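Please go over the structures that come below.
Each of the next two complexes has chain A plus one more chain, namely chain B in the first and chain C in the second.
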Partner chain A sequence: MGRFLLKRILQGAIVVIGVTVVVFVVTRLIGDPVRVMLPLEATAEQRAAFAAQLGFDRPIHVQFFDFIGSALRFDFGNSLWQDRPALEIVLEALPRTLLLVGASMVLAVIIAVPLGILTSLKPGGFLDRLLVTLSLTGLSMPNFWLGLLLIVIFGVQLQIFPIFGSGTLMHAVLPAVTFALPSAARLVMLTRSAMIDELNKSYVALVKAKNVPFRRLVGAHAFRNAAVPVMTMTGWEIIRALAGYSVVVETVFAWPGLGFLAIQSITRQDLILLQAIVFVVALMIITINILMDVAYKYIDPRIKLT
Partner chain B sequence: MRSKREALALILGLLLVACSSGTVSTTGDGGTATTSGSGGTQATSPPAESADITIILAGEPTTLDPQIRDDGNERAVSDNIYETLMARNPEGELVPGLAAAEPTQVDETTWQFTLREGITFHNGEPFNAESVVASIDRIIDPDFASEQVSFFSTISGAEAVDDTTVNVLTTEPDPILPARMYWMKMVPATASGDAAFAENPSGTGPYQFVEWVRGDHVTLEANPDYWGDDVGNVTRVTYRFVAEAGTRLSALIGGDADVITNLQPEDVGSAPQSASVTGLEHPVLIINAMEGATADVRVRQAMNLAVDKQAMADELFGGNATVDQCQILSESFFGYNPDLEAYAYDPDAARALIAEAGAEGATVEVIGTAGRWLKDREVVEVVGNFLSEVGLVPEVQIFEFDEYLNRLFGDIRPPAIYVTSSNELLDADRQLSAYYHLDGIGASNDDAELAGWIDEARSETDVAAREGLYHQAVQKACDEAYFLFMLNINDVYGMSERLQWQPRVDAKILVKEMTVSA
Partner chain C sequence: MAAVPDMETPLDVPLLAVDDLQVSFFTRRGVVQAVRGASFTLDRGQTIGLVGESGSGKSVTSRAVMGLIELPGRIVAGDIRWKGKSLLGKDGHAYSDRIRGKEISIIFQDPMTSLNPLMKIGDQIGEVLGHHLGMDRSSADKRAVELLDLVGISFPRQRVKQYPYEFSGGMNQRVAIAMALASEPELLIADEPTTALDVTIQAQILELLQQLQTDLGLAVLLITHDLGVVAGLCQRLAVMYAGRIVETGQAEEIYSDPGHPYAWGLIGSTPRLDVVVPKLVSIAGAPPDLIRPPVGCAYAPRCPLAVELCEQVSPELIEHLPHRKVACHRAFDIRTVGAPVAAGS
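Take a look at the complex of A and B:
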């Protein structure tokens, strides 16, 4: 186990470094922050002076080694946009995104797993068909649209929840639900099919023959096996939420988290901040993956961690 | 039996979907309330004693130091905290602000400003010649690396004559120095040495800083010692930041905002009140007059005749745009030529000109970008359609912003490229230098005569002579059709029922000009 962790952490470190280097190369070679930051009508001399001020006129390899040296000390430099350490800005935004994603995943699992199991007990039954239809609806709703829909219903019409912002926990409700519903829909479908697979296996017949109560048969035997793919999917949902959907949902709800920050750093051509964001997100994804691997072992002792 | 249940389940599911989408469309049609007063100032009930308002901007300010960035969201807030030596009245005319009177020219490169007396900054420091000199020195300091340097490129320094008189020095004769001083916000003399100035900003304006919770809001309150007497009844203003237009509109309808910026043209009907005012932005196509089919002036003129500009204003911008009068200038800009008229929409004449030039079937690459300016992609696509109807073969290319900039600023001039030109100084020099002058960063012509007039105007200090040069220059660019002139976009604001406000042509959102009814 210890060896396994060490190995995964080392692998993860290599990936994080790789991703950071790629982002540096891509952003410096394709983008020119000076051009975007100055007004379109600025003259060539003004542009040159500005580049010199920010150090963007140095040869790319000098900038690169400078960057690597600092990155190893977790120093990404000052954000061009806010003129304070980029990592500090990212670490401020991170808990807000983790709160949203965490709350929404708990919500999604609480909704999805019982419903998924319920539908699997009588495939093709009324309840099954109703829930499958609803799930298909849920997972075909784009995040931004669902978000605006919730704003209109619960913010404007019913005025139950604040429309945007991040002051209180109430502010987190609508964005968390926006994250959770499509995820829950996907998880219902997956739980259902995993459970149907398990319930059709021969060991289930044996357990039944032993007169084990049905509730225990489903909960302790079948679901325990079905839980592995469900967990994989949940991990995947968390990663997608962190690295993708958060951009959309946080923009719609003006929730100042990591996704919102990512969009800001791109539109303001803040390469330094962008690098820090990518670094932190890569780190999160790798951590989640390792945690998932460990969790598998607890659920299914047959899995070998190597 | 089974299929019946199936059908029932399906219907139930669909019903749920139908219910939810139904809710959207009713509100979208303006279920809540709709009077989009075009002026926005229907005095219904008397003004309240005092009022707290919320303004939602499309983005958070970068900083509240008014001298370092070129950022519209920063200006939206700091225009209320800070003031400038010269100001503009709501119609856009230049008038004295912190200066007691119009500046006078001491010699070719020296402008003298007399300052209003008895004004103090919010932090208690006096506003005087010392703070003006410090403000100027600070913003032109190369180490300070202000993004606003392009506004002040001619200023070499400033010196105090006495406590209320300042000389501003320029490297060359600069006739638009007064207009430049309309852009330079005055900060206390101590700001230069204060690294934390942006955290605790202090100006002379009608509102003073209370707090800034990053990512959430900025709050200002009325300055009880403000020198001016033209302040409305708003005592406290909170700025919030929402990038998504639909969310801004929802907040306005839901009563969480009194003013929202960048109301989408299609949402005007849904806002409780809306107001639209001629803005500073001019989307235009720069046509390559040096090579290819477009080197022929007849082709360039035909392109101008081919596009129905009024239809674009009406359809794309919901009427919130006006047709440019054959120049990339708004009426409020110095140098605007009132004698010019837009090319009419005349596809037959366009076709004839193209036939005459032997350019039928000629390919014209039209380059644009998406998501940077309002309807930028749509404008370029519509122009492409119009061009294809008069015998040209437009090749519309929409690039990601950075690649688009490569084309806009590149040495190889594209046949036609979209740009939205904006001019906060309201003086022709900026646009003419960048897009009309052959050395300009976005110019696609080699007209030495035109460039000569622009150079001459830049140092012509006689106002009438200078204006004459600009009239001549824009006239020639119109005749030569160096651009496909299109529109001047309005700024559209959404407002709550209780707010009375007439937006300004210089796009400043001045809270002191707002009144809230009881």
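Take a look at the complex of A and C:
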């Protein structure tokens, strides 16, 4: 286990360096950071001064090693927009996103797993067809639209929940539900098909023949086996929420998390802040992947962690 | 023979009586009549081999006894009685729930897939002990070790903590047998128990089954397509063809003097080591489509002895000799025809 973790962390570090290189290439080589960050009407002198201030006038390889070196020390420089360390700003926003994504994934799993199991027990039945239809609706609904719909219904019409910002738990409800519903829809479908696969396997027939309680057949036997793909998918959902949907959902609800921050750093042309965000998100994804691998081992003893 | 007690067990109620069982599968293509009237009985401590080729309905029959027929399959007619009481119908349901998995247990063909890959084998045996015998965790654990020892698994104390993937196929089949024996059953159904195993392992498993059968006084219903497997283990034989039982009787008698041309063909197509057989014969043709089974005898199209009557009237399973029932218009006519030859062209 220790060896495995060490290996995965080293692999993760390589990925982080890779991500950093890509960010560097995109910001410094493909685009001109000075032109991106300064307004169009800036004079040549202003541009030169700005480049000198941030070191963009140095040779590219010097900039590269400097950038990698400071990135590995988690030093991205000061945000242009807020004029304080970019990492500090990112770390302020991170817990809010983690809270939202965490709550929504718990919600999604709580909704999806029992429903998926229930539908798998009688494929083609009324409940199954109803839930499959609902799931299809859920997963064809764009996040931003679902968010707006929830705002209109629960925020404006019924006035149960606040419609933007953060501060209280009530603020988190609508954005968390917006994250959770499409994820739940996908997870229902996956749980259902994984359970149907398992229930048709030979070992389940033997468990039926043993005539142990049905609950045990479903829970201890079939779902235990179906849990492996369900867990993989949940990990995926967390990653997609962190790295993609958070931008949309947090913007819709003005939730001051990483996604919202990313959009703001883009609109304010703050490349330094954006780099820090990308770096931290990459780190989160790698961490989640390692945690998932360890969790597999606990579910399936056949998996060897090497 | 519906209500009449079976002639072979006149004194007592048979342990298991399958009476004119009919099982159909309602598929999109049509109604597959997998079992079209199977009748046989089994007494305490007796062994019977249910033999037939793939698709003859022998496995479906065994699943019906275990209550494992699921939609689109359905038992459409007939009865399965355990110690004289029906396992089917509304009244039978509660009764069968206490019987299945407790007094009747089953082992399957492929031991590598018939155990839960993610559960320790001790726990898989233990759940039977817990549920059917009401054992607590610690006594179930102890008993699981004893059971593994009983089926010849060495180091049982370590083995209970392992998973099926850590075992070979033969060992997993031993585990499956231990699991089946855990509930202290009176009938063990072995559905092709050796088909997925190597020949040497097959012999070991059969030997184990035979030994357990005598030691524990188990009744065994052995489902197989392999007459060689039956020979060593079963006193009685029921030959199944196209969803019907075509011949029943003492195994040895059927071997030496088959009454049904299909049994005759089946024996002729089984390789033997003890007798010099000039040429292994195969039965020409294929079993009928069970969506549209023939009106007459299902074997008639493949039968070398078929006459016009065979194609028009389906023969009943009739007692031709003492303890020998054959469903054939030309039962025992093979005697006059001579050595087995390939049927048809």
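Note that in this section the second predicted complex is superposed on the first by the 301 of 306 C-alpha atoms of A that agree within 3 Å, B and C clash if a C-alpha of one lies under 4 Å from a C-alpha of the other, contacts with A are read in each partner's own complex, and residues count from 1 in each chain.
Everything that follows uses one rule, which is that contacts are C-beta pairs under 8 Å (C-beta built on N, C-alpha and C of every residue); 3 or more make two chains touch, one makes a residue touch a chain.
Note that the structure is a prediction, hence the values are computed from the model and not measured.
Participant: In the superposed model built on chain A, check whether chain B and chain C fit or clash.
Facilitator: With chain A as the common anchor, chain B and chain C both fit in the superposed model.
Participant: Between chain B (first) and chain C (second), which does A:L273 come into contact with in this model arrangement: first, second, both, or neither?
Facilitator: Neither chain B nor chain C is touched by A:L273.
Participant: First (chain B), second (chain C), both or neither: which does A:V23 touch?
Facilitator: Neither partner.
Participant: Once the structures are superposed on A, label A:T251 by its partner contacts, choosing first (chain B), second (chain C), both or neither.
Facilitator: first
Participant: How wide is the angle at chain A between chain B and chain C, using CA centres, rounded to the nearest 10°?
Facilitator: Result: 150 degrees at the vertex chain A.
Participant: Decide which partner touches more residues of chain A, taking chain B and chain C as the two options.
Facilitator: B
Participant: Just to be sure I read the superposition right, which of the two partners does A:A42 touch: chain B = first, chain C = second, or both, or neither?
Facilitator: First partner only.
Participant: First (chain B), second (chain C), both or neither: which does A:V212 touch?
Facilitator: In the superposition, A:V212 contacts chain C only.
Participant: With both complexes superposed on chain A, which partner does A:V90 reach: first (chain B), second (chain C), both or neither?
Facilitator: It touches nothing on chain B or chain C.
Participant: What's the minimum Cα gap, in whole angstrom, linking chain B and chain C in the superposed view?
Facilitator: Minimum C-alpha separation, chain B to chain C: 14 Å.
Participant: After overlaying the two complexes on chain A, where does the chain B footprint on chain A coincide with the chain C footprint?
Facilitator: none
Participant: Please name which positions on chain C make contact with chain A in the complex.
Facilitator: Interface residues on the chain C side: 66, 68, 97, 100-102, 105-106, 108, 110, 113-119, 127-128, 131-132, 163, 165, 176, 179, 183.
Participant: For the complex, give me every residue of chain A touching chain C.
Facilitator: Within the complex, chain A touches chain C at residues 201-203, 205-213, 216, 220-221, 224-225, 299-302.
Participant: Note which residues of chain B are touching chain A in the complex, please.
Facilitator: Where chain B meets chain A, its residues are 2, 5-6, 8-10, 12-14, 16-17, 20, 23-24, 27, 32, 59-60, 62-63, 70, 142-143, 145, 147, 149-150, 153, 214-217, 240-244, 246-247, 250-251, 253-254, 256, 401-402, 405, 408-409, 419, 421-423, 430-431, 433-435, 441-442.
Participant: Which of the residues in chain A end up touching chain B in this complex?
Facilitator: 30-32, 35-44, 46, 49-50, 53-54, 81-83, 92-93, 96, 124-126, 129-130, 133-134, 137, 144, 148-149, 151-153, 155-157, 159, 162-167, 251-254, 256, 260, 263-264, 268
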